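Across the two complexes that follow, chain A remains constant while its partner is chain B and subsequently chain C.
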Partner chain A sequence: MELNTTAKGDVRVVAVNGNLDALTAPELADALSTQLRQGNAKLVADLTGLEYTSSAGLRVLLNAAKEARSKGGDLRFAGVQTNVKKVLDLSGFMSIIKSFPDADSAVASYA
Partner chain B sequence: MRARAGVTRSPLRLTRTFEGSLEQLALMREFVVETAQVLGGNQEDAFACELATDEAATNIFNHAFETGQGRITLTMWRQDAQVVTRLHYQGRSFDPSRIPEPSLTGPLEERPAGGLGLYFMRQLMDQVDFEFDAVNGNVLTMRRILNIPERYGFMELQIERPSGNIAVIHVKGSVDGSNFKQLIEQVETLIPQGVERVALEISGCEYMSSSGLVALNAITKLLRGERAPDPENGWAVLKTLDDARSAPATAKPTLALINPTPRVDRVLDLAGLKNIIPTYSDTASALAALG
Partner chain C sequence: MRDNLIITRAAELDALAVFRGFIAQTCKQLGIADDVSFQLQLACDEAATNVIQHGYEGMNPGSIMLELQPGPKKITMLLTDFGHPFEPVETEAPDVDALLNDRPTTGFGLYFIYQTMNDVSYFTDERGNHLVLTKNL
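Let's turn to the complex of A and B:
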């Protein structure tokens, strides 16, 4: 898994590439909580390059979304791919987390 | 020798042992995805097996092994229309009936962060069974009914003899555990008629299970003048598949495949058979190669 965080105004876009499982999920948890600790609560998880996630990855995204909302922000998805969408659908997450076709539209949704 | 109708006897049973901790997950997923497809699953079946195995193994590494380290033996095979995935390990037991179903509705704040793993396994698989045994090890068995075509078990063979020692067999429908022996028997009857080389035209073959792969291997051996392995003898057949994979390509192929569908092509590729059985996009080039 590879992470790449960029700033778009006051929104932080964390691009997640590769595979998210119980081994790699803690690294994403660190990246997201670093942003939250620095007061960046408007987050976009850009999942365009994410090929696979298990529930370990979902748990990290769910916890970050909860924390972001408690700080007045949010976590929004961008570019969800087929296999990841299947897992999100199984978990019922799509009904509680906003999802956008790409990072730009997810960033724009905060304006 | 007639296959019992409606009963699939898949001779293939694939096992691999993974030792270590969570870094094994990616390797386990790779094994499961490939094996599920070789056993006749489509990509959706393979993904279901991949995710369910990942969730199961994650729970075992994190909860069953005291140090987070241990050994899991993964075995997959085909039983009728199901693919079976089994994880065998020594470790702590738990009571699956006491793991609550996660609540998947309601606002974000009320969603539980955990408990999804077992839920996913049960959603993706048709049956999930735990057997805990402190002496012989714990066994987790997950069964999934495969997305197999409606015409499962329906195979049509048409023979063409473009020249004295070559036969083209047009294979339509599904080559699977219920009928793969008929394909072998067809070649067995052609050999005494002087046939030395066979091209299987499989553009109309929608589905090929691991039993179909065993038939291809048996035909390869028959055309080399060797005895076909006993298809009922699972381990021996698997061994002969391995032999066939490692054997150097002969100068002149005796068996060729013509125009496989993408699904069948993928199964051939994953099983390593594409290296030993040449594939052509049309009959003319296959005949040129065989002739």
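Let's turn to the complex of A and C:
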């Protein structure tokens, strides 16, 4: 898995590439926690390059969304691909987390 | 004659990607639909994660074996480990609203296994703990 975090105004976009499982999920948890600790609570998880996630990845995303909201921000998804969407649908995540076709529209949704 | 579709790895988290890759490659060779391949990979990942993270607690790290048994109308995955027996029982759908609000709910892993597979069974014998996951084709 590869992570790439960029700043778009006061929004932080964390691009997740590759596969999220119990081995790689802690790295994403660290990246999201770091942003939240630094006071960046408006987050976008750009999942355009994410090919697979198990429940381990979902837990990390859910915890980050919970913490971001408690700090007055949010975690929003961008570019969810087919297999990842299947897992998100199965878990009920798509009903509680806003999802956008790409990172730009997810960032714009915070305006 | 069909190749021997068995792979064994140390029960460590880097085995997860190896198992998913093994399933993906085997399904491709057998002409099994991508959607079925994905569901097999997810169920295997969730089950193997449980074994790796909990099955060998307090013991020397052991191994985990994945065997694929393709048939004309179904494919069976057999996961064998040698740690503590743990029968995965069917759980209700996790309540994500409850999770967001710090209320307790069930986990996703077992739920995903039961949602993606047509049959789940478990038994223990002198050769280890065996989780049998069956998916109709």
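FYI, the second predicted complex is superposed on the first by the 111 of 111 C-alpha atoms of A that agree within 3 Å, B and C clash if a C-alpha of one lies under 4 Å from a C-alpha of the other, contacts with A are read in each partner's own complex, and residues count from 1 in each chain.
By definition in this document, a contact is a pair of C-beta atoms (placed from the backbone, for glycine too) under 8 Å apart; a residue touches a chain by one contact, two chains touch by 3 or more.
Since we're looking at a predicted model, the values are computed, not measured.
Student: Could you look at A:31 and tell me whether it touches chain B, chain C, both or neither (first, second, both, neither)?
Tutor: The answer is neither, since A:31 touches no partner chain.
Student: For A:106, is the partner it touches chain B (first), chain C (second), both, or none of the two (neither)?
Tutor: A:106 sits against neither chain B nor chain C.
Student: For A:21, using the defined touch cut-off, is the partner it touches chain B, chain C, both, or neither? Pick first, second, both or neither.
Tutor: both
Student: Per the contact definition in the header, classify A:55: touching chain B only (first), chain C only (second), both, or neither.
Tutor: both
Student: Taking the superposition as given, does A:90 touch the first partner, chain B, the second, chain C, both, or neither?
Tutor: both
Student: What part of chain A is shared between its chain B contacts and its chain C contacts?
Tutor: Shared contact residues on chain A: 19, 21-23, 52, 54-56, 58-59, 62, 65-66, 69, 83, 86-87, 90-92, 95-96.
Student: Once bound in the complex, which stretches of chain A touch chain B?
Tutor: The contact residues of chain A facing chain B are 19, 21-23, 52, 54-56, 58-59, 62-63, 65-66, 69, 83, 86-87, 90-92, 95-97.
Student: Applying the document's contact rule, which stretches of chain C touch chain A when the two form their complex?
Tutor: Within the complex, chain C touches chain A at residues 13-14, 16-17, 20, 38, 41-42, 45-46, 49, 52-53, 93-97, 99-100, 102, 107-109, 111-112, 115-116.
Student: Sort out for me which residues of chain B touch chain A in the complex.
Tutor: Answer in residue numbers: 22-23, 25-26, 29, 47, 50-51, 54-55, 58, 61-62, 104-105, 107-109, 111, 113-114, 116-117, 120, 123-124.
Student: Using the touch definition up top, name the residues of chain A that touch chain C in the complex.
Tutor: Those residues of chain A that touch chain C are 19, 21-23, 52, 54-56, 58-59, 62, 65-66, 69, 83, 86-87, 90-93, 95-96.
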